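First chain written, first letter: the chains are A, B, C and D, and each begins at residue 1.
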């Protein structure tokens, strides 16, 4: 089943696509370790937010994702 | 020919109509003396403005109108 | 592109704003305010009187101030005079600009000044009797913001 | 009356604002902002990506804040996603209220927050190549006003 990692904005470019599959369970360190190198470096930018199953995390370090969960990596927005 | 006196807003009600004809030349005291009593009292309200031939006067006391001129008495506006 | 009008008949704001927007190609934003006659309980009608030698020059002067103050591409300022019923539009101000802040602020500025500084007198008919409307304190406070 | 939409196809703001205005009888004013894709020199197209589990709830949350903060009768908030060409509308926010200040401020508030706090990512195609747009410093300054 795996953990679905959704990449938004320019993070999708760094990943070569909008989505990755990793194996759970995953904490923040485990997630970063599983990302392609360019993306792993960018993911640590403190301006990026993380959501699990559509709920934003106050702190990336608190990430806990299990098989079947969806993690989203969200760079700063530029809407409107 | 006379001096045409145009009354706006509630000043028209006090005059019983939107327009009066007076005989020129007229300064401010002469104008007030020629107005119906209720209107004469209201005209002195410092919030009222006076225009001669479409040009606002900075100071009512500077009014000088000749035969053929149009004086407008303008109470505070309530537009929009 | 400046379009300033005094109208004596009912108008449809959308019929003015659509062509106005199209007349300013390259814009980034359009802000529009439409004021209507409120159905305040027993208000049957509203009448707006103006003094023609001052009204239209006053609106053009206000438009000139808005163009000087904000980075605008276009300004539409339309005001009704005469007799209106609840639900009818009284005023429509629309500003087109490359950036959002300019067009929103320009509409805000024009409305504050139209309400308190333009040459209109308003009265309402309630239960068959006409009542003049005095300027509200809010209007003076709004003007002091600029 | 609250109408919040994410649209994947081109829309005509006037076709939304007319019915929205009619759906709020008794209003005193309607303020509308429409943002369009600016024809900035060589921009060929704009693409807006969003993260669906956050976008629409985010817009509803913003509408709830606006209703709590301003005395509104209705709020329309429509945002495009997907691929757009210069001249096409991206966003339309319209607020109906009994009084002018509430509807103008509500539109201003929603636009400031939509630009900087909603979950959209924007990129432009120039000379065939896509470029991500970063949030502008102005947007953060605008947010700090509230």
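We adopt the following convention: a residue touches a chain if its C-beta (ideal position, glycine included) is under 8 Å from a C-beta of that chain, and two chains touch if they have at least 3 such contacts.
Since the structure is predicted, the reported quantities are computational estimates derived from the model, not experimental observations.
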Target chain D, source chain B, minimum contact steps: 2
Farthest-lying chain, centroid of Cα atoms versus that of chain D: B
Intercentroid distance (Cα basis), chain D paired with chain A, Å: 27
Geometric centre distance via CA averages, chain D-chain C, whole Å: 23
Chain centre separation (chain A, chain C; CA means) in Å: 50
Residues of chain A whose C-beta touches two or more other chains: 80
Multi-partner residues of chain C (at least 2 other chains): 35, 100, 111, 115
Every chain pair in contact, whichever chains are involved: A-D, B-C, C-D
Complex interface listing, chain C residues touching chain D: 14, 17-18, 21, 25-36, 38-39, 86-87, 98, 100-101, 103-104, 107-108, 111, 115, 138, 142
Chain A-touching residues of chain D, taken from the complex the two chains share: 35, 48-49, 51, 53-54, 57, 79, 90-91, 111, 114-123, 132-136
In the complex, chain A residues that touch chain D: 6, 8-10, 12-13, 51, 53-54, 56, 70, 72, 74-80
